[in-house]
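Dropping the structures in below, format is structure tokens.
Two complexes follow with subunit A in common, the first pairing it with subunit B and the second with subunit C.
This part shows the complex of A and B:
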């Protein structure tokens, strides 16, 4: 089972990816630390605890071909009124920038933000993952365009932002970076949507770096709806100030091979974090959600709920780490992970990790993996429901806790993707 | 309406029904009584299409159709309803959504138009009143956190909504106090009619004070060993099952 990546193999991957990204267009300068880290860090293998169930060796084969034609993809959730931005393979192709000047809100491509307001981005935009994880270092060493949301202190962004990243047919790599900065007592809502065509291959290596100021609030919905055979790495990093409120909901509607690393740092007291997620791999798909929350200050709260189904021969991984630092007293941290296996050859690896160094805390975690309740299925069928209708209702019920937190139009989309893939509609 | 002939069934290697025969006419109410482990609940499960049981011999015909050829869904569409002894809790599915999905699924399979929202709600209201089901229970998740009595009332509520031709009540009286028993019986009685038959499975005669049967059968050792009118229930209450089971054994010998 052990995989050995020779230095030449992963250095060659890094060279191919950097070259392809540079040819298509980068934004900003590569982070110096990222370049160093890329040299110094080990390529992930299953011998490392964080990668035990996740075989990254397959990404060594990723070979990008010619750069992607920049055609507009079909519009997603048309009914949603939002500030919309569209990116194709790491390049901005449409969306009207909202720019209220140096003191006001900015919502637009990172490339434009870097031209107009480089000083506003300086202090916080480096990804913390970039010095810790090989793929995050790779992303930061050749960053491409994504959405930038800057909301200064005291402002409220009136409309939600919808950033849509699309991968077209063919073997491409994209390394978008999304930057979000919510000033003290400011607020914003955003949707990050990534999708593919069904003939897309290659790699999507994306980073979200967000900071939420004191008393500020950010609500983010992440939708991953990716048919095709793209490998997706996500590095999602959030820092929260005192009395801030963060909600991150992730729906992995469809993914060939996907790993999300979500890290939340509560860098102030009385911070509140909610992070929910759902996933439903089928066929021979692979989905891995790694989460970590750092309670670094007292009186914080966190609420984590991840639910998923693994069908056919697919594999799902959930790893949730809660770190309560010394002196971070009176923390309330709750984690729940519930899974259903729908195929005899489906696999689920679930691991809660709690590290608690303070003595006055309330933490709980629960993790279950089971199968469909046959008795419930019989009950529904005895009332005249077809097997399809009954299955559909039970999956809907299972995921409702997570999906009902999304906007209704997004919830309905994700549910219909799930139902269609399982052949239930 | 229902004709069961020489039915043999087993679960795993255990034979449970050993030649059960029974006939129900339209509009009739039959009660089945019998000692523990005699096969009463097995009979109910087999009628509803539970797949854990294997029918090894015999036949069941319902309105001229071979019931054993139909799966659980098709039986409900054909007009069979089982009130469960242990109704299942389904968190996350509201009672209302559950019933709407069930009702429209049945109508679709019968090639009927779905019920309009207005008609559906009017029907819900009427049927809920029948068993004095609280409005809150209609909106809660199916059976989740319901008391024993509420669950059984919910079963009869569903029965009223789905209007079956044959309703099988599997120990619907178990776990009910006197008031709940009266409410459930009232619900059932008001649904009695020329086109609807009932098979009432029970341990105790007290339910049959409220739902008065046309016929009473004794199920023992996987077969109907004795049948009679409603007065048989009283006799059983007084004398127990042994005298019938013993008489049957003597006859066999």
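This part shows the complex of A and C:
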């Protein structure tokens, strides 16, 4: 299979995407470096180590057609009390901006933040991925609207933020950009929710750029519930200061073809990062989670847990890298990746990596691939459970370690999506 | 505080010169540096090879010319100039030897320095030694004894002359010429190596052993080893390496092919202690080796390696578990010090049902070295109930060294069980403290801890090698804690 894209093909894709995004409305100026990078970088192919298992060539066919009707999608997790913002195909639809002035908290669309506080965004809003990855460069060269959370030093955001991004029916391209900045000793919680209608196609190329100040804390839940045939590229970049605390939980509840790049940089000592994820592709879906944590300073901690199941003919990819830089001593970094293969033709590719240049560290990774414990299944069946109910319970138990970290209403939603997709309800 | 201030022993160790750094002065028959078709024809004609062998080499050379040197490994080195290497070097005294006494006295002395006095080995340990000096076998013992059992154990060039049908059938069947850049190069220019054939149902009564040695300055060694174990047979093969000190980088691109037919078992053990270069990383051997075995039904291949030498190592002994119920094992201790770089690991390709594999890899990094484990576990769609367990541990001795793990786990069958775990840590201060409390010196404590750490692998080595390996580890690491 010829995986190498000719320059004209991906240049054409870039032109199509930029045009469609520009027609719908861009937010802010394209990043200059991103435009250069888009020219200079190679289109990802399976010959590149980072794309070894991910066939990005299929995205070359993405052709946005209709401009999206800007209709508000159904509300998600109604029971959750939050500052809600809704975006459709990269455009802000609803949500009331919280603006406490130049010195206070700001939560609202990036488009509004750029109008009111361009200075506050300047220092850190550029995505580090944009110069390294072709798709991130594409995103940064035609950015669209997303949520912007600015919490100044010492403040605590009282209510969680829920940013809901929706892709309607039809072939669309959306390139939302979410910006989060938590000042020193400040804290915030947010949920980034992306979903589609079941007739949505095209591409969702989203970026999250977040910085967490010294002693600050950020808890982020990323929900990807995307029926339809949208191709999703996620570029999630986090920078942490000293003594900061970051928790990122990613639940890929449903995705046709999805690639997440999660990168955490511990740019200060005593930083603590927790990142968990779960995924459950079925049919011929493809889910790829790439994570990387850079321990650039001493005394950091990280805890990574990704669990998933691959059913039917689906493919799941996990690539986790722990990088301990020179002189970053006394690092404790743990990574765990557990997978269950349920389909005869399902495939699981795992690449847990350690790259360590300091000696006084405790790092470990564990990775397993297996299947349901037959004895456990038998035990449940012998107690009168149907096979469906038993399977359902086992999946629930398997994913509980990850899902229990989410808010209860989100956990229940994700689990119900899993159960419905596998026909276990 | 730097490592040397903390521990003066580290300094002492860093200054330690390569023990086996000496050169034997024997008149050598050597080709001018350079590689072209003429050189290959010359090597082939010097070895009096049949036409098919020459054609095979030429084809390999043509393939090699179209290939690029790989750069995906986690190592950094100046690529060798393949036109500056002499591709053939044979000791001149080439009268066929009737007995060991006829061996060149100077060469005998070399063997003694290496600690492989042939008579002693013959008498005491019952090991048959096929001694390869540069590129031509100079002495082979126990051959007759093995011949009685139908076992063929000889040099590759001899095998090409005497058993061409076996060689022709199997050479390149496990490691195809175009497998990679170095295997193609080796196929074109290999000068010698070992050949071993164990007939159906035979158990080789002794450990087979070869010593490789790079002797002539500026000559690359391109060994080719082919080991065929017929149905139900068993063989244990040892390979040990040591090379003299050189400032110029020496290239070693060997190919080892193992074929284990139904119910056969091959145990392949390596102790590698080639010249690693000096403390700044100048000189040293480039060890770019392709080792692979194929297992038919219920066959077993077990690789055990202790890697302490070479400036740059690029080596992945692999098992293709083709037959149902076959077993692959990989046990490795890789020690890097000073400016050494190692990128080593294994590949376990599960194709048959009920195949099992075990990977135990222990990396130890000291000095400014970089030590990487790179392994692939692949479960094919038809490999039902395949099972793999991998454990990769790294021990860091200094804060200037690096330990890396790059496992690839590809599972395409839902009945497979794959487990991988890896840890990286420093040698435990509490462990050292505990030993010191009980009256051990720090050196003894480190020796004890490191040997204990590597025990799982060392225990897999045959007796003769276990002693040597333990000695090597102790020499390499005592006093190197940072």
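Basically, the second predicted complex is superposed on the first by the 423 of 425 C-alpha atoms of A that agree within 3 Å, B and C clash if a C-alpha of one lies under 4 Å from a C-alpha of the other, contacts with A are read in each partner's own complex, and residues count from 1 in each chain.
Everything that follows uses one rule, which is that a residue touches a chain if its C-beta (ideal position, glycine included) is under 8 Å from a C-beta of that chain, and two chains touch if they have at least 3 such contacts.
What you see is a predicted model, and the numbers here were worked out from it, not measured in a lab.
Participant: Would subunit B and subunit C fit next to each other on subunit A once aligned, or clash?
Facilitator: Superposition result for subunit B and subunit C: fit.
Participant: Counting only touches as set out at the top, which of subunit B and subunit C does A:329 meet: first, second, both, neither?
Facilitator: Second partner only, subunit C.
Participant: Which partner, once the models are overlaid, touches more of subunit A's residues, subunit C or subunit B?
Facilitator: Between subunit B and subunit C, C touches the greater number of residues in subunit A.
Participant: Answer with first, second, both or neither: which of subunit B and subunit C does A:342 touch in the superposed model?
Facilitator: The answer is second: A:342 touches subunit C but not subunit B.
Participant: Which partner does A:352 reach: the first (subunit B), the second (subunit C), both, or neither?
Facilitator: The answer is second: A:352 touches subunit C but not subunit B.
Participant: Identify the partner contact of A:381: answer first if only subunit B is touched, second if only subunit C is, both if each is, neither if none is.
Facilitator: Touch status of A:381: first partner only.
Participant: Once the shared chain is lined up, is A:168 touching subunit B (first), subunit C (second), both, or neither of them?
Facilitator: So A:168 meets neither subunit B nor subunit C here.
Participant: Report for A:49: first if it touches subunit B alone, second if subunit C alone, otherwise both or neither.
Facilitator: second
Participant: Counting only touches as set out at the top, which of subunit B and subunit C does A:364 meet: first, second, both, neither?
Facilitator: In the superposition, A:364 contacts subunit C only.
Participant: Go through the superposed model and pick first if A:25 touches only subunit B, second if only subunit C, both, or neither.
Facilitator: The answer is neither, since A:25 touches no partner chain.
Participant: What does the superposition give for the shortest Cα distance from subunit B to subunit C, in Å?
Facilitator: Comparing every C-alpha of subunit B with every C-alpha of subunit C, the smallest gap is 16 Å.
Participant: Pick out the shared contact residues on subunit A: the ones touching subunit B in one complex and subunit C in the other.
Facilitator: none
Participant: Within their complex, state which residues of subunit A touch subunit C.
Facilitator: Residues of subunit A touching subunit C: 49, 326-327, 329, 339, 341-371.
Participant: If we count contacts the way the header does, which residues on subunit A are in touch with subunit B in the complex?
Facilitator: That would be residues 373, 375-376, 378-387, 389, 393-394, 396-398, 400-401 of subunit A.
Participant: Which part of subunit B faces subunit A closely enough to touch in the complex?
Facilitator: On the subunit B side, the touching residues are 48-51, 71-73, 75-77, 81-82, 84, 87-88, 90-93, 97-99, 101-103, 105-106, 109, 141, 158, 162.
Participant: Which part of subunit C faces subunit A closely enough to touch in the complex?
Facilitator: Of all residues in subunit C, those touching subunit A are 72, 379, 381, 394, 396-426, 482.
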